[in-house]
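Take a look at the structures listed below.
Two complexes come next, and they have one chain in common, subunit A, joined by subunit B in the first and subunit C in the second.
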Partner chain A sequence: MKTKHGIYYQFKAPSPLLMIWREFHANPISVAAYYLLAVIVLAMLLAPILAPYSPEWQFTDVIYLPPAWHPEGEMRFVFGTDDLGRDILSRVLYGAWYSLGYPLIATFIAAFIGTTIGAWAGMSRGVQSSTLTHFLDVVLTIPSLLLALVIVAIFGPSLHTVMIAITLVLIPQFIHSVQNAVYTQRAKEYVIAARLNGCSRSYILRRVIFPNITSVIVVQLTFALSTAILDIAALGFLGLGVQSPAPEWGTMLARSLDHMYLNPWSMLLPGLMLFVTVLSINILGDNLHRAIQQQERLS
Partner chain B sequence: MFRFSLRRILLFSITLWLLSIFTFSLNYWYPGNTLTNMSGVTPAMDTYHDEANARAMDSTIFRQYGQYIAHLTRGDWGLSLTSQEPVFPRLMQQLGATVELMILGALLAVLVGVPLGVYAALQQRQWQDRLILSLSLSTYSIPVFWFAQLAILLFAIQLDWSPVTGQIHPLYAIDTQTGSILVDIWLSDIPYRASAWVNALKHLWLPTLVVALIPLTMLVRMIRSAVLDTLQLNHIKAARVRGLSDRTILVKHVLPTSIQPVLREAGLQFSVLVTNIMIVEVIFNWPGIGSALVKSIFERDYPVLQGGVICLAMLILAVNFAVDLIHAWRFPQVRDVIDED
Partner chain C sequence: MSNLLQIHNLTKYYVKQVGWLKQQRICALDAVSFTVRQGETVAIIGETGSGKSTLIKLIAGIDTPHAGSIALNGTLLKPYDYKSRCQQIRMIFQDGLASLDPQRNIGQQLLEPLRFNTDWPLAKQHQHVLATLERVGLLAEHFDFYPHMLASGQLARVCIARAILLNPLVIVADEALSALDPSIRAQIINLLIDLKKEMGVSFIFSSHSPELVRHLADKILVLHHGKMLEFDTTVTLITKPKQPLTQALLHMENLRKSV
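Our next item is the complex of A and B:
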C-alpha cells in the first residue's frame, strides 16, 4: 500500500489489525452485527435520556399490562408493565448497565490480567510453562458457571461478588489463548531476528510480538464478553447474582418465570435483548476469527 | 500407548488431589464454623465433640486434611444442614437423575448434530449450508434459560404436549433407587410399568431438547469444518480416483478422519452441556445435582454444596480423561504430539 507522506511516496505495510478490519468490513453481516452492537451500547449509555420512566417506579393502576400492539396494551408503556406495574422498556434500558456494562468492565479487567500472565508464561519455557499449561487445561474444562457459583457461595450473592467471580473465571481463558499465541509467534523468524539484534525480552514482547497477537486478543475478548454476559445473566436468573430491585435482564427473566401463566409478555423484551446482544457479539467474534484465518492463509 | 496412559493417569490423579485440596480449603473460606461446614454437625448436637475428634480438628491442618480424605473415600460426606440426612446417598440419587439427562442430551446432540454437520459440509455454500450455519449461530447465542422458558410456554402451556416441571407424575409413586427415572421404573415391580414409562418420557423430552440444543449447534459447526478440511486431503482424492462411490468414501474415509478434531473439543462441549444442565434442572425442577447445588447456596447448606461441587467436577474430569484416552487410542498420531510438551 502506498501512502503519501510529505513529498515522497512511501511504502507502508498496514498493521495486522488494520488488514483484518478490511477483510472484516467486506462482509455485510459482520458490519450489521457491528452496528447493532454499537446501537445497543449507545442505548445503554443514553438510558437515562431514552427511558420514559424510572426503572423502579411502580404504576399500581396498570399491572401486567401487555405490549402496546396488543388490544389491551397502552401506548405509554410500549412493552407493557411487569407484576409490580414497572415499565418494562425503562427497566430493560437501565438493565443494560448490569447486563452489558458490567460484563464489559469484567472482561477488560480479566483481559488485562490474563494477557499479562499469559505473555509472561508464553515467554518463559520449561517446567513452569508446561505446569501452567496442564493446570490451565484442567481449569478450563470446569464450567465457568460452577466456579462462579462456588465464589458466590463464599462471599454471598451481590453485585460485587458477581463481578469478582466473573473476572476470576475469565482470566484462565485469556492466559491460555495469549500464551499459545505468544508461543507460536516466538518461534517465527522475525522474532529470532529481533533477538539476534540484541533486543531485550520486554522489548521483543511489547514491540515485536504484541502487534502480531492483538487480533487473537480481540477475538478472545468477544468470546469472553459473550461468556460474561451469559454467566451474569444466568447467575441473576438463579437468584444468586445482582439482587432483585436492580433491573438486570436475567433477574427480570427469573421474575417473569413465576408469572408465566398470567403475563407471558414480560419475558419477551429482556430475553430478546439478551439474545440479540449475545448474537451480535458472537457474529462479530466469529467473523473476526474467520478474517484472521483468511489473513493467515494469504500471508 | 502405555507411556501415554501412564502420563494421563498421573495427571488425572494430580488433578483429583488438587480438587480435594480446593474443596478442603473451601470449608475454611465459607462463612461459619469450619467443622459444621465440613460435616454438617452443629455445635448444638451431642455428637459435635466426637465429630471434632474424628476429624482431628484440634490437630495440625495436615492431619485434618488426612481425616477429610479418609471421610470422603469412606462415603461419609457429612449431614445436610437442612434435612439432617447423610449427603452421600442422596447425592448419588441426584447424580443418577443428572446423568440420565446428560446421556440423553448428548445422545440427541450427536444423533442430530453429526448428520446435519455432514450434510451442511456436503452442500457447502449452497442455501442449505447457509441456512444450517446461520441457524446454528443464532441458536448458539440463545441464553438457555430464555429458551427453556419459551419452550415451556410453547410446548407445555400453549400446546399442552408435556407437563411443565418434574420427573414423573407423583401418583405413580416410583421409589427412587438410582435417581434415573427410566431405570427406576424398570427396577420397580409395578403392574402399570408401560404407562409409567410413557408418563416419564413425556416429562423427559422437553428438558432433554433444551439441554441438547446448544451442544448440538456447536457440534454441527465443528463437524462441518472438520469434514470440509478432510475433503481436501490427499487420501480422499486418491479414493475418488480409484473409483469408489461417494457413499463409501464418506462413510469409510471421510468420517473416521474428521472425527479426530471434533473429539479433541469434546471436553469443552461436555462442560457446556453441564452448565446447561445445571440451569435447566432448576427451571424444570429436575431432582438432580444442579438444582441441589443452587438450592444449597440459598440455604447455606455447605456439606451439600461441597458434595455437589466434588461430584460435578469429578464427573467432568473423568469424562475428559476418558475422552483423552479414547482419542489417543484411536488416533496414534496424537500421542506423540501430547508427549512432546
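Our next item is the complex of A and C:
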C-alpha cells in the first residue's frame, strides 16, 4: 500500500516486531547472548568444515593429551585428546548436533503440535476445554526429566527414543501456555470487534489472536529449548540417552568423569559448552520477554 | 417512515455461582420491547447496572438473549449469525485503543469487514477505506498507522469509520463518547450528526450525560434494574416525565448546580 506522506508525519510507522527488536537491541547483555548463541549455532552448522578431525578417529599415540596452551600440549589438538585419543574439539563441534541441533528440532516439533492443540483448546469451551486442561495439569505435575526417563525406560535408550521422549515432554507446556493466552485474547475487545466484522473463526485465530500471542510462544520456545538441551544432556550423562561413540556433550561428560584425576581437561570443553549454550538461551528468553512486555506497555 | 428495528421481549440473565451447586440468576434485562424507525436516534439512559450495556451488546450481537427477539425490517436476526448481522448493524466501541488490534495497522483492520462482506476487488476495497477515512476527517496516510500512534479523538474516528464502512442501517454505541475530552467530544458529536444526516442511519447509544442525550436523541429509553420504565420522544420526556427517575436522570445538571 503506497500512500502519499504529508508534511506532518515524516517517519515510517515501525511495526510492533521492529519495535521489539529495537528494544531488545538496546540491552548489551541480551545482544551478547544473542551473538554468542548465533556463533554456537553457526559452529554447529559448519562443524564438518571447522572440525580438524573426524569425531571418532582415534590417535593411539596421543592419549590424554592436555590442551595446546599446556606445556605438554600439542598444537595439532587445540583442546587435547580423550582417553581413546580422539580430538576433543572435533567431538564438541560434532556433538553440537546432538546437544543443540536435536533439541532444536524437538522443540520446534513440540511447539508446532502444542500450539495447534493449545489454540484448538483455547477456542473451544465447556467440557472439551476443561477435560484437556485438567489432563494437562496432571501431566504438568510430573517433572519433565522424570517423564522422559520413564519413556526411555519403557522403549530403551537410543537417539530416537530420547527425541520422542523430549518432544512428548515439551508438548504439555506449550499447550498450557498457548491455551491460556488464546483464552485471554478471546475476551479482548479487538477480537470481539473482529467477530462483529464477520470474520471466520480460523481467520480470527490466524490473523488476530496469533500475532498477539507470538510473545508467549517465543518465550515458551526459549524455555523449552533450554529444558530440552539439559534433558538430553542429563539423559546422556545417565547413560540413557545417546549412546557412547556418538559425541553428545552429556555422554562425553559422563565418560570423562571416569578419568577426572588423570585428565581433568577432557571435562572442561563439553561442560563449558553446555553451560554457555543454556545460559545464553535463558538470557535471550528473559530479555526477549522483557522487550516484548516493554513494547506492549508502550503501545 | 417504517419501523426498522423491532425488539420484542428481550430478556437476559447473568448466572452467578453461589457456593457449590447453587446458582443465582441475576436479571440484566427483563422483557424489554421497543421499535426504532429509520433515521431515528435513540438514547438509552439509566443508572449504572441498569442493563444499558447488556441491551447494546444484545443488539450488536456480542451476546445472545435468553428470550425475546430482534427483528430488522421484519426478518428475525439469528444469534451468532455475524455474517448477515454485521452488514446492517455495526457497533462503535467505547475504548478506541482496546478495540483496535495493536499488531496490525489501521488499514488492514478497516479492510477486514470489506473482505468478509463484499466481493469487491482489492483495489476497490482500498479505495473505499481511504474514502471512508477522509469522510470521518482522517488523512489517507493514517492507513499505515498503528493504533498506539493515534490520539484518542483519531481513534474514535477510526472506530466510527469501521462502523460506517459497510453502509449499515443501524449503528449502536455503548458510551462511545464518554472517554473523550470535551472539545474532541464536540467534534465527534458533530461528525456523528453529519454522518447520520448523510446516510439516514438509525443510531442507538447509551450515555450518562443528559446534555448529550438531549442534544442528540430523538427518543429516549429509560432503563431501571433491567426493566423499561419509559420510552418516548425526547421532548415529551423532558417536559412531562411520568417517572421521577426520568426526571432525575435528564435534569442531572440542575442537581449538579445545586450542589
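By definition in this document, the second predicted complex is superposed on the first by the 282 of 299 C-alpha atoms of A that agree within 3 Å, B and C clash if a C-alpha of one lies under 4 Å from a C-alpha of the other, contacts with A are read in each partner's own complex, and residues count from 1 in each chain.
As a working rule, a residue touches a chain if its C-beta (ideal position, glycine included) is under 8 Å from a C-beta of that chain, and two chains touch if they have at least 3 such contacts.
Only a predicted model underlies this, so the values are computations on that prediction, with no experimental measurement involved.
Chemist: For A:15, select first, second, both or neither according to whether it touches subunit B, subunit C, the two together, or no partner.
Modeler: Touch status of A:15: second partner only.
Chemist: State whether A:288 touches subunit B only (first), subunit C only (second), both chains, or neither.
Modeler: The answer is neither, since A:288 touches no partner chain.
Chemist: One more residue to check, A:216. First (subunit B), second (subunit C), both or neither?
Modeler: neither
Chemist: Using the superposition described at the top, determine whether subunit B or subunit C touches more residues of subunit A.
Modeler: Answer, by number of touched residues of subunit A: B.
Chemist: Using the touch definition from the top, list the residues of subunit A that touch subunit C in their complex.
Modeler: Residues 1, 3-6, 9, 12-13, 15-16, 188-190, 192-200, 203, 207-208, 211-212, 296, 298-299.
Chemist: Spell out the part of subunit C that touches subunit A in their complex, as residue ranges.
Modeler: The contact residues of subunit C facing subunit A are 60-62, 82-83, 86-87, 90-91, 93, 95, 98-105, 107, 109, 112-113, 116-117, 126, 139-141, 143-149, 162.
Chemist: Going by the contact rule set out above, which residues of subunit B touch subunit A in the complex?
Modeler: 11, 15, 18, 26, 29-31, 137-138, 140-146, 149-150, 152-153, 157, 267-268, 270-272, 274-275, 278-279, 282-283, 293-294, 297-298, 302, 305, 309, 312-313, 316-317, 320, 341
Chemist: Can you tell me which positions in subunit A touch subunit B when the two form their complex?
Modeler: Touching subunit B: residues 130, 133-134, 138, 140-146, 149-150, 152-154, 156-157, 226, 230, 233-234, 237-240, 250, 253-254, 256-257, 260-261, 264, 267, 271, 274-275, 278-279, 281-283, 286 of subunit A.
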